[in-house]
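Quick heads-up: structures coming right below.
Look for chain A in each of the two complexes below; its partner is chain B in the first and chain C in the second.
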Partner chain A sequence: MTPAAPRAVLAAIAVLAALGFVLPGYAVTLLTEAIILALFALSLDLLVGHARLVSFGHAGPWGFGAYVAAGLLLVLQLPLPVAALGAALATALVAVPVGWLCVRTTGVAFAMLSLAFAQLGYAVVFKWSAVTGGSDGLPGVPRGGGPLGLDWLATREGFHVLAALALAGAYLIARGFTVSPLGRVAAAVRENEARAQALGYDPRRTRLAVFVLSYGLAGLAGGLYAGFARYVSPELFFWTVSGHVLVMVILGGAGTLVGPMIGAMALFFLEHQLSGLTESWGLALGIVFILVVIFAPRGLMGWIEDALRRGRRASRADP
Partner chain B sequence: MPILDCRGLTRAWGALRAVDDVDLAVEAGETCAVIGPNGAGKSTLFAMIAGNLKKTAGRVLLDGEDVSALPAHRIAARGVARTFQITAVFPGLPAVENVRLGLQAHDPLRRRPIGGGAALARGAEEALHWLRRVGLADRAATPAGELAHGDQRLLEVAMALAQRPRLLMLDEPTQGMSVEETRRTVDLLGRLIAEEGVTVLLVEHDMEVVFALAPRVVVLHRGRKIADGPAAEVRADAGVQAAYLGGLD
Partner chain C sequence: MDPVALFTLQLLNALSLSALLFFIALGLTLIFGIMRVINFAHGAIYMLGAYVGVTTQTLTGSFALSLVLAPLAAALLGLAFERSALTRLYAREHSAFLLVTFGLALALTEAIRLAWGPDPRQAELPAALAGIVFVLDEPFPVYRLVLIGAGAAAALALWLLLHRTRLGLLMRAASQNAAMTAALGNDVAAVRAAVFALACGLAALGGALAAPLFTAYIGLGTSVIIDAFVIVMIGGMGSFVGTAVGSLLVGFAQTFGNFYFPELALGATYALMIAVLLLRPGGLFGREE
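What follows is the complex of A and B.
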């Protein structure tokens, strides 16, 4: 059950969008990237948190979405929102056969299978130079407004707002899924597969639904990232990307949808600040991660919830 | 036509025949208990009927239709509900949600990936009704995993009944309960079975439970059916006594 009220989350995203008009240009760019990463982490939380399928290959749909969007932008010169949506749809489509294989397993086997597919993507874009540009990637991805007069979306502020809109939409879809009849079944399969099956639910098909939705949203995030960075390369598929986004989800609090979004932004800004201070920022980050796992095992979101509960109790006790 | 009709059910692991050529028919409205010493093949038989285990040989008919090759969720969708020998609930979900999921399995909106609030609302209300029937209404919001062991087993019964089954399969429903709990559970089960008019196939160790609930008893011994008939007759059967009382061999 998602504890945070959707209205509060949407309001927070609206504030993030509005910051795009207030902050200096460089800060806006950073914030845009953070929003895209939040969307990426949100998509993974459906698998890791809601279905307890720990994917170690979420770089797969992210990279795939990015390459699809880059292709649509470079070759067809589609407007940016259309390219991003196309990336989401194409990724969801590919997720059907990939997921069909992956969700036959759970646990470590699932993690390894998802990783294998991401690595397969890496190998394909690396080798298939004629189409993907090989190790050089595809530079100069244009941010087109297209024929619909959407040129504003190609500007720094416009793109920022587009990313925020995508995050808000993805959040509503993800949250709507988790409280829907099918989403509840997914929770049931997570809690006890044999029991869910004895009630008449097909565990594999249920997991596949979560898988496809998660991959589709990750494809959307990747598609936006291609437009953001204006460059795609095989690195997008690399396994460290999968590990990175998994850390964001766990840091933020898996299974809460909101937590991973917060975790993604927190980790991104922390990395950014620390890397300005010291060369060994990775070490500092590792220590932060260890501390969070020990002292806030339910992630930042669990910690926030506890703090809110304490606050409420204190205000009740003290009229 | 019997609701459940098993013909020549067999499960072998190598040379071991855990269930060996068992015929078993259960008529509508009947309560039939399967008993037998440890290792007699009761659970294996159960798992084959419910679709959790492949059959080496034999067929299972539900209402005359062959369901031998169907997976467990398809058999459940055809009206077979079951409880498990080792308690199986959704531990992290509230008790009422556990039961509601049993109801949702028959709702036309059960696969809605978004929305479907109407289905959830009508389910939640009916789920409370079932919790009341098993005496757990005041624990509705408690996560199922935090309920006492006996209450979890009752919750499972509520979930299974909420499926409105044609056939209810109870796998040692009083397993792990105290004497007092067992007595109350037997009373409750007897009442529920009578009120719902549901057909029941029961696997049970506890003879008190068996003779309190089941007018008909089937005895398995080393995978074979050695007796099948009215409880009183089976109880008096010399071969059954030999197999059962000497069941530790």
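What follows is the complex of A and C.
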């Protein structure tokens, strides 16, 4: 796997941010949502791609971050960026004990444990109506402005730029982690746990580091989503959300960081365009997903990389 | 109402819910036992059973026929999916299996939405099953008693299949050591296909049985699959006895929990699942791997 050049990725995100000033209002809103989903998929890729821990519970940190941010915005009236960062930190903090329990396992048991924790969050939010609003959720989440011109962030364009900044920051953190010494150890644990352990590394602690980082970034995505939708509900925690973001990661290409971001945005826009045109869109997506898992496990990114390599080879042979 | 009668009715309700859950969890655990994988599509197969059952009944007017055709249709679909998709994945790691069965769940749910439309479908019970009986002077639906009987019959039939037939022997052998079973000249691929088809048929039978009680609706599968996961994890993946006990535990926890502690019941089942996965990763009756 050749990771795409970070500078190209940042340039692409800058273009996305700039589009917020060019496109008509409705398109900007769609693009903002796509960016938040890209951030969500990026966070899951750390677990699924980099640590090969297939989580079926990523709705957990997403929903948790959204509720924390909603609380900070509603009750404490904090500015939007502060609430989103608070959501990320709170989610990472909760991820320490949850992850400590989850990373004792791998494979199917890990998938089931992460799923159970997310469903537990769903049950708590659903039943604890006094605090969470129960099945009605919490409507009317304000996009808090604040001093120092932060009021601008509550506008459509401002929120769009904030989401793009968060995605760029999260990408730099995720990418920095994967190339850091700890990230390399995590890759070693993924490839051969016994050998990594024999070399003196602690597989559980390494997995825990990936888990906490992944959950923190998912909490950031969830926190931004609360400000975006101005509404949180228990559905954010439901397991189908976990499944949906997993589809984005796999279709985009797990383990590449860039692939899942592309996968999330592509899937979001395809869904938006095609679901209006044809009713069989969901069926087609399911079938394509099955075919990708069987025949193209590297996803869209694998296909792009192969095409680039072929192109390079051809241009080398040409002159 | 007299507390003893109330408790007895709740008990019977819990048993009938356990019986329905048993049909779907049993298939999951059979598949896990022999293939070491979780079938995420099992909830969608259950939902398919409910819809095929309702339609069979609308077309032919026969509830009994729906209990034959729904499992048959699901078993054929399961067989086709196992032969075309799953066989390619046995050599790969388990997560590929989770993902591909999740893909089937997505595709199947959408296919059902296309074929039957978004509105829920209600199945009618034949007159003989639609009545009520009096239990301790309180009325109770006959059909729920029938479900308890059906669950017990299925448990007995499956036990006989596993322990008294050659296919059952091969299934148990392959779940203990597939390579050795194959080396002795047995067709393990055929056993796998048979198990997957059988498991899908069982889930669909559960769906067809549940249709008169819960109606068939889009989303029936997504809610029931989580209950089935909880059962299989608690009972022990691959354990027949564990699945029966797990079904009873979850059926009772949901029925009595919703009645006596409605605030805590939902979360308690997930907390129990987490505790079992951490303390006894093989489940209460399974063996640790």
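Criterion: the second predicted complex is superposed on the first by the 309 of 319 C-alpha atoms of A that agree within 3 Å, B and C clash if a C-alpha of one lies under 4 Å from a C-alpha of the other, contacts with A are read in each partner's own complex, and residues count from 1 in each chain.
Simple rule for what comes next: a contact is a pair of C-beta atoms (placed from the backbone, for glycine too) under 8 Å apart; a residue touches a chain by one contact, two chains touch by 3 or more.
This one's a predicted model, so the numbers in the text were calculated from it and none came from an experiment.
Contact with chain B, but none with chain C, is seen for A:198 once the two complexes are overlaid on the shared chain.
Looking at the shared chain after the overlay, A:277 reaches neither chain B nor chain C. By the touch criterion defined above, A:293 reaches chain C but does not reach chain B. Touched residues of chain A, counted separately for chain B and chain C, are more numerous for C. By the touch criterion defined above, A:243 lies against chain C but remains apart from chain B after alignment on the C-alpha atoms of chain A.
Of the two partner chains placed around the shared chain by superposition, chain C is the only one that A:107 touches, whereas chain B remains out of contact. Shared-chain residue A:130: touches no atom of chain B or chain C.
Against chain A, the residues of chain C that register as touching in their complex are 36-38, 85, 88-89, 92-96, 98-100, 102-111, 113-114, 222, 226, 229-230, 233, 237, 263-264, 266-267, 270-271, 273-274, 277-278, 281.
Residues 173, 176-177, 179-185, 187-188, 191-192, 194-203, 209, 213 of chain A are the ones that touch chain B when the two sit in their complex.
Those residues of chain B that touch chain A in the complex are listed here as 50, 52, 71-73, 76-77, 81-82, 84, 88-93, 97, 100-102, 104-107, 109-116, 119-120, 159, 163.
In the complex of the two chains, the chain A residues touching chain C come out as 52, 54, 56, 101, 104-105, 107-109, 111-113, 115-117, 119-120, 123-124, 126-127, 239-240, 243, 246-247, 250, 279-283, 285-287, 289-290, 293-294, 297.
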